[in-house]
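Following this message is one structure expressed as structure tokens.
Letters A, B, C, D, E and F name the chains as they come in the text, with residue numbers starting at 1 for each one.
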Amino acid sequence: MRPSGRELSEMRAVSIETGFTKHAEGSALIKMGDTHVLCTATIEERVPPFIKGSGLGWVTAEYGMLPRATNTRMRREAASGKQGGRTVEIQRLIGRALRAGVDRVALGERQITIDCDVLQADGGTRCASITGGWVALRLAVDKLIKAGDIISNPLISPVAAVSCGIYAGQPVLDLDYPEDSEAGVDGNFIMTADGQLIEIQMSAEGSTFSRDQMNSLMELAEKGVGELAELQLAACA
Amino acid sequence: MRPSGRELSEMRAVSIETGFTKHAEGSALIKMGDTHVLCTATIEERVPPFIKGSGLGWVTAEYGMLPRATNTRMRREAASGKQGGRTVEIQRLIGRALRAGVDRVALGERQITIDCDVLQADGGTRCASITGGWVALRLAVDKLIKAGDIISNPLISPVAAVSCGIYAGQPVLDLDYPEDSEAGVDGNFIMTADGQLIEIQMSAEGSTFSRDQMNSLMELAEKGVGELAELQLAACA
Amino acid sequence: MRPSGRELSEMRAVSIETGFTKHAEGSALIKMGDTHVLCTATIEERVPPFIKGSGLGWVTAEYGMLPRATNTRMRREAASGKQGGRTVEIQRLIGRALRAGVDRVALGERQITIDCDVLQADGGTRCASITGGWVALRLAVDKLIKAGDIISNPLISPVAAVSCGIYAGQPVLDLDYPEDSEAGVDGNFIMTADGQLIEIQMSAEGSTFSRDQMNSLMELAEKGVGELAELQLAACA
Amino acid sequence: MRPSGRELSEMRAVSIETGFTKHAEGSALIKMGDTHVLCTATIEERVPPFIKGSGLGWVTAEYGMLPRATNTRMRREAASGKQGGRTVEIQRLIGRALRAGVDRVALGERQITIDCDVLQADGGTRCASITGGWVALRLAVDKLIKAGDIISNPLISPVAAVSCGIYAGQPVLDLDYPEDSEAGVDGNFIMTADGQLIEIQMSAEGSTFSRDQMNSLMELAEKGVGELAELQLAACA
Amino acid sequence: MRPSGRELSEMRAVSIETGFTKHAEGSALIKMGDTHVLCTATIEERVPPFIKGSGLGWVTAEYGMLPRATNTRMRREAASGKQGGRTVEIQRLIGRALRAGVDRVALGERQITIDCDVLQADGGTRCASITGGWVALRLAVDKLIKAGDIISNPLISPVAAVSCGIYAGQPVLDLDYPEDSEAGVDGNFIMTADGQLIEIQMSAEGSTFSRDQMNSLMELAEKGVGELAELQLAACA
Amino acid sequence: MRPSGRELSEMRAVSIETGFTKHAEGSALIKMGDTHVLCTATIEERVPPFIKGSGLGWVTAEYGMLPRATNTRMRREAASGKQGGRTVEIQRLIGRALRAGVDRVALGERQITIDCDVLQADGGTRCASITGGWVALRLAVDKLIKAGDIISNPLISPVAAVSCGIYAGQPVLDLDYPEDSEAGVDGNFIMTADGQLIEIQMSAEGSTFSRDQMNSLMELAEKGVGELAELQLAACA
């Protein structure tokens, strides 16, 4: 029934390649099917003005898409002179999600910026960014620990994200682009490896959904995040 | 326990004054406690390029805050040269929410823009905008029906929104600013009057939440939206 | 002869409601007929760089119009990415006008920002902004005096503004929008309650005017400002 | 008493050199003392959208200042990414002033753009721009008449501008920069050669002025504009 | 003598992987040592306004760098709201270079956009972009030919680019970042496979160079471009 | 053969008028035929952040063109909200070129900004800017030396620039606009008075060139720069 032939609760093939670039303190190329996102982590010994002197650390994120990551070329945001509303929304989401899994006292007064750049898109880029971004974050934190710059691990639990939606009347896990563009209801679930919720964004375009459907989607999300968390930990090992 | 002395499931006093401005095709000043939002509806006999010639209508929204709607003055977005990420996110949300309650075929190929301008803020401005915005939209649609420009009512059901969150360990309904700034978990539920879900945005900042908590919040939201829908219909009568 | 049936030297009904918003140090909703402007005053204990350390205070203003304050919706300036030329001109005028009535030594090294936001427009928004803005300024200054932050009153005299023009060949006072859009000659007179001039802006579009006509307009302006000054003082009492 | 040693009603030496650049349809380098402005006129066979098809012509203006036209270098507006408020105000003024002296029916549906670029500034650049701009406009119109593109002369009368102000308690004509920066009251008078008024902009910064003073300034302005109009006509001859 | 231990006339290891992304009409990941650039070609059946209707085709390029492609993170250009001067210069250069090798009549009235995005930088990104960009262009053109959309091959000869400079007093080929940041003189040579020159950009920062040195650099460039052209053709085979 | 009737190796008439504006520390109006550029030098006792505290000076440049410097009016860059790619390229080139001729230790920790504003354009504006800019720079440096602010002359040798190209199959010196717009190959040579090279920018649009042609152009450039250097020194004497 799904265009890809997958089961309703079957994720796409996922791979995470660490060390994809040499300059960043942490980097990971995550592939969720044909969605490929390069995530890098940059450590800076400074924090935004609003927490200066607080002793707390900060994790933030930026998101971008190469112009031809999509089927038809999109205008380069740098050329149009601003980040679009969708970009701003996504990068704020990534930052919030990753911060939820960080003990900011343990991190200490420094900032880690996660850059998520989509090299190829086929649906679910924000979920891939969060999942791959956590790996880059973890690698950067490992470097800090190894160097003795921080003592206790500020990463509480892996944070991963997966999309779910109602496609052709059925709840499905991990929508690819053909599904995403048809689904009347879809959203993203961001969770920790131990099943706690961090963020839910469910949205219906030209449609509505019931609490029962919401519960089915939540079940799928728990399954998906569990699988992703294992891959994240394996990639960092 | 709540700073305002309200019960956990008690909303703030809500009033909706229609006809607040004379030029708009529909207008409503909604007050949810000390949060006051002026919502206006503008009808235009044109649609965005991507649906031109489709016969479908469009509903969109823009959101703004007067610089001193808040406790400390915020920089005017027109002066800083762009709408901030928060503004962009909110106005996209309002637009999506209102569109979900519209039969775009029945609306016909025209656009209705809902402007939501916060005159005074005390938490929950996006929920007030959606709830008041629907009233302005309904008044504009009534005008179109009365003029014979559209035949069948494109508004399927009232759309209202309410915030819920975990405050001091307890699930509470309709957070005001003092609660909002302390809550580790909070979000917005957008629903139709008959209890169908349109959008859920739950988010934890520096914290997580369980499925049980999520269910409690959903209960509160259903109660709140039910109350708001009655006020919406009364205001339009 | 006037579309509104007013006498040549008759102003529209004017009302000034103070305390319209709760956060600002001073606020006033001024209505000059169907022109409604919300004016708020914000006190900040800092001044612009060019007078830092001088001991002098500063009063500045910003102006905005809600998109549907007018008969047809105007594009939101925050969305178009800059304040238009008209906006910039008006807010500079408001700031200059209000500063002319302030003893900046007595004010002390602090800044008061007057935000003037037009909720509904029907001609004469800049005059309403100055007149209402002075009330907001006065209320903020009263708060400073009451708190003992300043000793001698820095407000020399009420500052008010009124428009005059040649409509259908006749000098008229306080043009509303239908008159304003037809008048070949019109302008604004900003004066103190005791009849001293602060600023005159007379302008002819596709026409010219004589010194005699200029004198007639000046007479009307003196009458109008006198009436406004009484209302300002009453509102602050 | 004046820093320059001039009489109260004495203008600076004024010269107007036409044909300063070869590409423009009209050009004039005007020197009012040490204020030097290059004015060019560009004819285009198109008009702004809002008068398309009306048969009416349009005259508009743009204003700029070279970064080192002033005593200390100002940031280049093209580099800062926008025209400042002062620039916008001035170019709107120049456009309005010149349009007031044009019969837009006789001009026909075409646009003339007057660019006024200050090569060296010493006070009064907007007056010099209007006065020199009219000469460039006239030369361009002459070209249109000579080519048979327009039949009746659309230029009704020369338009010239001069500044006046209260300096050291005395009304003075044509303020230079040292006077301008000290004057509590100053402004610009734009008039036709036959003494009709087009625009008055009088402004007091930290001060006020009386109707008697206003009358004295008006006298000076009439004298100044009369002298300028003669120079304009001589330059075009 | 070179930090990398290379001979003076030895290039870094170069590899070109085609088909790196699935959406683009042509794509190549070029690696010149640690400089990795992803080049994609997008075909559009439209041309810029200035050649509309001419029957001629157009080739243009855009360039970007991921924020952490470099040793320290650079601000994302989309976030700062404009492309920097360096970016603009480089993308104009790439476009000019590739156009020089295209028969625009044979291409027909369509546009091919080459996006060059630097995933990792270690000197010479503009040369890698041109060299890899030509491969992406060639693959896109091959697709057009195969589809019968164009008849005669518009690509005259491979276009490749290499940097040369004076490092530690010696002329060297293909500078990496450590050399580039030390070299007083360096530049880029863009040539066709048969040794014709397309563009030379030699520049001395805080230094000068002689005609003899220029000749030595030209020799190196010819050698380098020859090697690159072979790799380009092999990659496209 | 050349449209102007000049010999292949003949430059246009060149004049350099110093002291054209009174405020700048150095100024020169250079005319290369009908290309007229006003160059001013501004001394500031501060340097960009990246060399603060280094003891080194900085020379930078900005470039602009009056809207009607060209045959058809170009949009004012300040109005379009950014400097175009061509402008950015040119001003970076001018800055680099002038810095190459400066001993930055001898200059001391201060910045000199060269503004080059084209009053009238007829090809070769960047070369005129560099050549005239050096004169303005030299005059400013002379002022510093005279005032005892610097001891040893930081200007090593005059820096001048000239364009060369292949026009109608022949190498020509100092292209004017009619030649420039037809030439398939052209570029700029920036050199010191003693024949050392600073920058070469040769570029073919839709064409290529050989090493032999490159050598002929170099010969012409040496001749041209020699003549310009003499004029520069004469102007400063």
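Here is the rule we use: a residue touches a chain if its C-beta (ideal position, glycine included) is under 8 Å from a C-beta of that chain, and two chains touch if they have at least 3 such contacts.
Which protein is which chain? UniProt says A, B, C, D, E, F = Ribonuclease PH.
Predicted model, so just to flag it, every value in this text is computed and none were measured.
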For chain A and chain D, chains touching each: none
Shared chain contacts [chain B and chain D, defined touch]: C
Centroid spacing, where centroids are CA-atom means, of chain C and chain D in whole angstrom: 28
Intercentroid distance (Cα basis), chain F paired with chain C, Å: 51
Centroid distance [mean C-alpha coordinates] between chain C and chain B, Å: 33
Distance from the mean Cα position of chain F to that of chain B, given in whole angstrom: 59
Multi-chain contact residues (two or more partners), chain A: 81-82
Successive chains around the closed ring, taking chain A as origin and chain E next: A, E, F, D, C, B
Touching residues (chain side chain A, partner chain B) in the complex: 82, 85, 88-89, 92, 96, 99-100, 104, 187, 192, 196-211, 214, 218
Chain B contact footprint on chain C (complex, rising order): 21-24, 27, 34, 36, 38, 40, 42, 44, 62, 64, 66-71, 73, 76-79, 81-83, 87, 113, 115, 117, 119-121
